[in-house]
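Below are two complexes that have subunit A in common, paired first with subunit B and then with subunit C.
This part shows the complex of A and B:
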C-alpha cells in the first residue's frame, strides 16, 4: 500500500501536473469527440449535466455513468483527472461514514448518498470528456456564436494561452525562494514543519508572479491594439468570418443520434428493471 | 514613405520630453537601423509611426508624422497598423493565440479580410514556418517564437516593418538567419524595414542607412558606412562599432581617414599588402593547462529529459560526463535547445539527473535538497525578474543570509552593494529597474550567497554595450569570490574575452571540450554547433593570421604596418 502511494506521489511532480493540465486544456489528440462541432458538444454536455438531477432511478443512473465512462475513455481523459475524481469520491464516502457513525446513524444512511455520488460522477465524466476534446479556440468560437461578447470569448482563449506561462513563472519563483531559503532543520510530527515551509513559499510566490505578469501585459495590450483587436470589436466582420468555419456535419448528427439512442435504451431498461 | 518633422512628445504629467524635435525621413524600400543609448527615445519614435503615440498614449504631442501620405497623429491606429507592423523586443508577450496558425491569421481576421487564412499561411511560408503551423506556441524555442511574431506582423502585408532588437535572445546562427529573412523581405518584397539594434556588426552587413538618436532627438541619419565610421562619436555614446572598424580605427589612427571598413571583406582589402601579420602563440600553448586544481563538479553519464504534451519523453541531456575544477572559467555554448540551461539547472539541483551520477563538491545532488545545494552553488536566472522575491534590492540580497540567521550581516551586505554599484538602487523594487540594473542586482544576490560555484544563464543577453562591458568587468572580478564559474551564453565575444575553457554542446552531448582559441579556429565545429565566431576571428582568418586572433586587442598586437617599426601599433594596443 505504501509503495502504491509512493509511486503515485512520484508522478505528482509539477512537470507532470503541468503536462496533464495542458493536455486537458488543449485537446491535442485526434479522438472520436475532437472532430465534433463545439456548439453541439456544449449543448450536449449541458443536457447531461442537468438531466441526472431529475432522475431517481438507480438503473438509469448507473447506465448513464457507464456511458459517460466509455465516452471519457474514448476522449482519452487524463489519468490525473480520473485519479483526482476517484480520490474525491472515496474521501467523500469516508467522511460521510464518519459523520453517520458519529451522529449515531446507521450504514443505511450511506445508501442514500450513493445516488448523489453517481450523479456527480456522470456530470464530472461528461464535462471532462467534452473539455478534453475541445481546444480553447473551438470553445471560444462556440461561445461567440452563442452571443457571448467578443472580449469574453477572447479572454477565455487568452487564458489558455497564458496558463503554461503562468505555471512556469510560478514554478521558477518557487525555486527562487527555495534556492535562497532554508528548510527547517527538523521535520516535526507528520512533517508539519516542512508542510508549513512549503505552504508559506507557495503563498508568497504568488505576489512576484502577479507583478511580473502585470508588467508583461503592457506589451500585450499594445500588441492587441495594433493587431486590430479593438477594431474587430467594433466591426462584425471578424465574427462573421470566424463563425463561418463552424458547421454541423454528418458526423455530428451521427454522434447525437447514437448517444440519444443509447440514452433512450438506458432509460427504457431502467423503467422495466429499476434497482 | 515616412516623414517625421520636428516631433516632440511627453507623457502626461511628466516634465521630461521623451522626444524632442525629432526629424527624419525614411524612403520606401530602405533598410535602416536606429541606434542610441538607453532612454534615447528609439522605441518611442517608432511608436509614433503606427499611431500608438499620440492616439493610444495620450500626452503632449507636437510636430507632424506622415506615413505613406497619411498624418499619423490624426489617423486611427487600426488604419496605420495595416501599413506599419511592429515586432516588440519582448515579442513573447505579443503572441496571444495558442497555435502558430492562429497567431498568423489573428490580424487579418480582426481586420475582416475574407482571405485571412491565405494571408496567414503566406506569411508562414515566407518565413519558412509552414511545417510548424499546428504547433503550440508555448512549446516553440525562442527563435521560432520570434519568427512567429514576425509572421503575425507580416500577415497584414504591411509596407513598413519595425523590429525592436531582433536578435537579443537568439543564438548567433539563428540571429543571422533572422537578418537574412529581413533582407529577403526588403529585397524581394520591397518592404521598408526599421530595426532598433545594438549589434553594429549586423547593421554593417544588412542595413543601408543608420539613424543616431540621443535624448529624444535625431542627431543624424547617414548611409551606413559613413555612420559607422564615426568611431569616436559612437564610442562616446556607448555604441560599439563593428570589431573590424574598431581595429582599423586603431591601426589608422595617425592618418585619420573619413571612412573605415565596416565589414570583414572591406577590412581585408585594406590590410592585405599594407600590413604584416606577426605570428601568434602556438595554439597548443594556450590549451587547458595540464595541472588541474581540486575537482568541484563531476558528472558521469548524466541523463535528463522531459515529457511533452503527447507524453513522449524528450531527451535533453544524453549520458553526459564532465569534470570541472577549481579556478576554471567555463563557457557553455551551443544553439538554442542544446541543453545549456538544463545542465546549469542540474548542477544547481533545480532538476535532478534521471540517470548517471552528479557530484558537487563530492556530494551527490540527488541526496541534497535545493536549499542545501544553494549553500555552495549560486544559480543566476536568465530572467532576472524571477529572482526578485522581495520588494527591495537590499531585502533581496539579505534573504539568503537572513534565512540562515547570520550575525553581523549588515556590513557584508553593504560591501556587496558597493561592489556592484547598487547604492542608489538599494531601496528600489527589482522589477522596476532597467535591464542592465536588473542583471547587476541579480548577480549581487547570487554572490551574497558566498557560493563556491556560480552558474550564470545568459548574463549578457539583451544588454546594451555599456552595461555589457560593466557585466564583463564584474565577471572578471569573480575570482577570489568563487572557485568555479560557469556561464551559458550565445555571446561569442564574451567567450573570447572571458572563458578559460569552452564546452560545446549539441543535442545534449558534448561536441568538444576546448579553449576559445581552438574553438574559433575550427570552422567545422562552429558550423556543427551553429555558432558564429566574433568578427575579428573571421578577419584574422581572411588575412591569413594563424592561429586566429580572438579579441581586437590580440589582433592589433599582431599586425604591423609594412615598412614601419612595430612601435606605434604596440603602443596603440596597449592604450586599448
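This part shows the complex of A and C:
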C-alpha cells in the first residue's frame, strides 16, 4: 500500500504535472472526440453538466457515470486529472458527511451523499473528456461563434498555449530563490518552519513573475493588435471568415445520434428498474 | 468619469491588463489547487486563492479589466484545464470575485498609502467571502423545510459559515492578501507600468468616495449578487434537498425539472446580455472621451 503511494507521489513532480498539462492543452492526439465540431461538443457537454443535477434516479446516474467514464477513457484523459478528481471527490464526500453528522444527522446521511458524489463525477468526467480532446483554437472559435466576447475566447486559447511556459518560468524562479536562499535550520513542530518558508517563496516569486509576464503580455498584445485583433472583433465580415472552418459533418451527426440513443436507453432502463 | 480619465487606456492597453491579470491569477489559482489542504472536520485550513495578485493589478491598473481578467483566468486555468468546471455554478464565483476586486481597486486613491491598501485588500476579499457565505446560508435556509423546527440548526449553520469566513479572512485575506500587497505594491509601482507602455497612475487624485459609490454601481452589485445566488441555487439545487427531506423533491419529479433548467438558461442568457451591454457602453464612453481629447 505504502509502495503505491510512493509511486504516486514520485509521479507528482512539477515536471510531470507540466507534461500532463501540456498534453491536455495541446491535445494533438487523434481521439474519438477530437475530430468533432467544437460547437456541438460544447452544447453536448453543457447538457451533461446540467442535467445530472435534476436526476434523482440512481440507475440513470450510474449509467451516465459509466458512459462518461468510457468516453473519458477513449479521450485519453491524463492520469493527473483523474487523481485530482478522486482527491476532490473524497474530500467533498468527507466534508458532507461531517456536516451531516455534525448537524445531528445519522449515518443515513451517508447514503444521501452518494448520488451527489456520482453527479459530481459525471460532470467532471464529461468536461474533462471534452476539454482534453479539444484543440484550444477550435474551442475559442466555437466560443466566438456563440457570441462570447472575443477577449474571453482569445483568453482561452492563450491560456492553454501559455500555461506550460508560465509554469516552467515560475518553477525556475522558485529554484533560483532556493539556490540563493537558505532553508530554515530547524523543522519546527509539524514542519511549520518549512511550510512558512515555502509559502513565502511562492508569494515572493510572483514579483519577478509579474514583471516578466507584463513584458511578455505586451509583446503578445502588440503582435495581436498589428493584425487588427480588436477591430476584427467588431467586424462581422472578419468574424464570418474566421468561423467558416466550423462545420457539422456526418461524423458529428453519428456521434450525437449514438450518444443520445445510449442516454435514452439508460433513462428508460432507469425508469423501469429504479434503484 | 474621472476614473476613466485618470486611468484611461487605449484598446491594446486594456487588452494587456486583461491578459496579464488572467495569466497571473490563473497560474496562481492553479498552484493553490495543487497545494495540499489541511482539513479539521468541516473547517478547511487552506489558501483558497492568492488574493494579492488581482488586488495589486486592480490597484495599479484599471480595476475593471484587471478584475475581469482575474475571474476569467480562474475559470480557464483552474476549472476548464483542471477538469473542475461546474457549469452554471461558475457564475457565482465569477461575479463575486469580479465585484470584490473591482471595488477594492476603486477604494485605493494613492497606491503608496498603506492604510488605503490594507482597507482595499480586506474589503475586496471580504466582499467576495461575505457574498459566498450569504449564498451558502440562504441556500440551506431555503432548501430545508421546517428549517426553524430543527433545534439548533440555524445557529449551527450560521456558526459554521462564520468560522469559515473568519478562517478565510485570516488566511486568504491577511496572509495572502494584505501582507503581500503591502510588500509588493510599492516595489511594482512605477516599474510594471512602463513594461506595458503606460504611465504610472498619479499618486494623488482627488476622488471622493461619492465619486464611485453611485446608484449605478450599487444596483449592479445588488443585481449581480442576486443573479449569482440564483445561479448557485440552480446548480446545487440537489445538494440541500438530498440531505434532509425527499418531500420537496417530489414536486420536481414529474417532468417539472425542465422549469429549473429553462430558468437557469434564461438567467444565463440575461447575464451574458447585461455583461455585453456594460462592456460596449464602457467602451463607447471611453472612445468618446478619447476622441474628444484628440479634437481638443
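Please note the rule applied: the second predicted complex is superposed on the first by the 257 of 275 C-alpha atoms of A that agree within 3 Å, B and C clash if a C-alpha of one lies under 4 Å from a C-alpha of the other, contacts with A are read in each partner's own complex, and residues count from 1 in each chain.
Definition applied: a residue touches a chain if its C-beta (ideal position, glycine included) is under 8 Å from a C-beta of that chain, and two chains touch if they have at least 3 such contacts.
All values reported here derive from a predicted model rather than from experimental measurement.
By the touch criterion defined above, A:69 reaches neither subunit B nor subunit C.
Which of subunit B and subunit C touches more residues of subunit A: that partner is C. In the superposed model, A:176 makes contact with subunit B only, not with subunit C. Judged by the touch definition given at the top, the superposed model places A:208 against subunit B, while subunit C stays out of reach. In the superposed model, A:127 makes contact with subunit C only, not with subunit B.
Residue overlap on subunit A between its contacts with subunit B in one complex and with subunit C in the other: 158, 160, 211, 215, 217-218, 220, 222, 224-225, 229-230. Within the complex formed with subunit B, the subunit A residues making contact are 15-16, 19, 22-23, 26, 28-29, 135-137, 157-158, 160-161, 164-165, 169, 172-173, 175-183, 204-205, 208, 211-212, 215-220, 222-232, 235, 237-238, 240-242. Chain contact summary for the complex, subunit C toward subunit A: residues 11-12, 15-16, 18-20, 22-24, 26-28, 30-31, 33-34, 37, 39, 41-42, 44, 47, 50, 52-53, 56, 69, 72-73, 76-77, 80-88, 150, 152-153, 156-157, 160, 175-176, 180, 184, 187-188, 191-192, 195-197, 234-239, 242-243, 249, 252-253, 257, 260-261, 264, 272, 275-276, 279. Contacts from subunit B toward subunit A in the complex involve residues 50, 52, 56, 77-78, 81, 85-86, 88, 90, 92-99, 102, 106-107, 109-112, 114, 116, 136-138, 152, 156, 306-311, 348, 350, 369-372, 374, 378-379, 381, 383, 385-389, 399-400, 403-404, 431, 445, 449.
Those residues of subunit A whose C-beta lies close enough to touch subunit C in the complex are 17, 21, 24-25, 46, 49-51, 53-56, 77, 81, 84-85, 88, 91, 94-95, 98-100, 102-105, 109, 112-113, 115-116, 119, 123-124, 127-128, 131-132, 147-149, 151-152, 155-156, 158-160, 162-163, 166-167, 170, 199, 202-203, 206-207, 209-211, 213-215, 217-218, 220-222, 224-225, 229-230.
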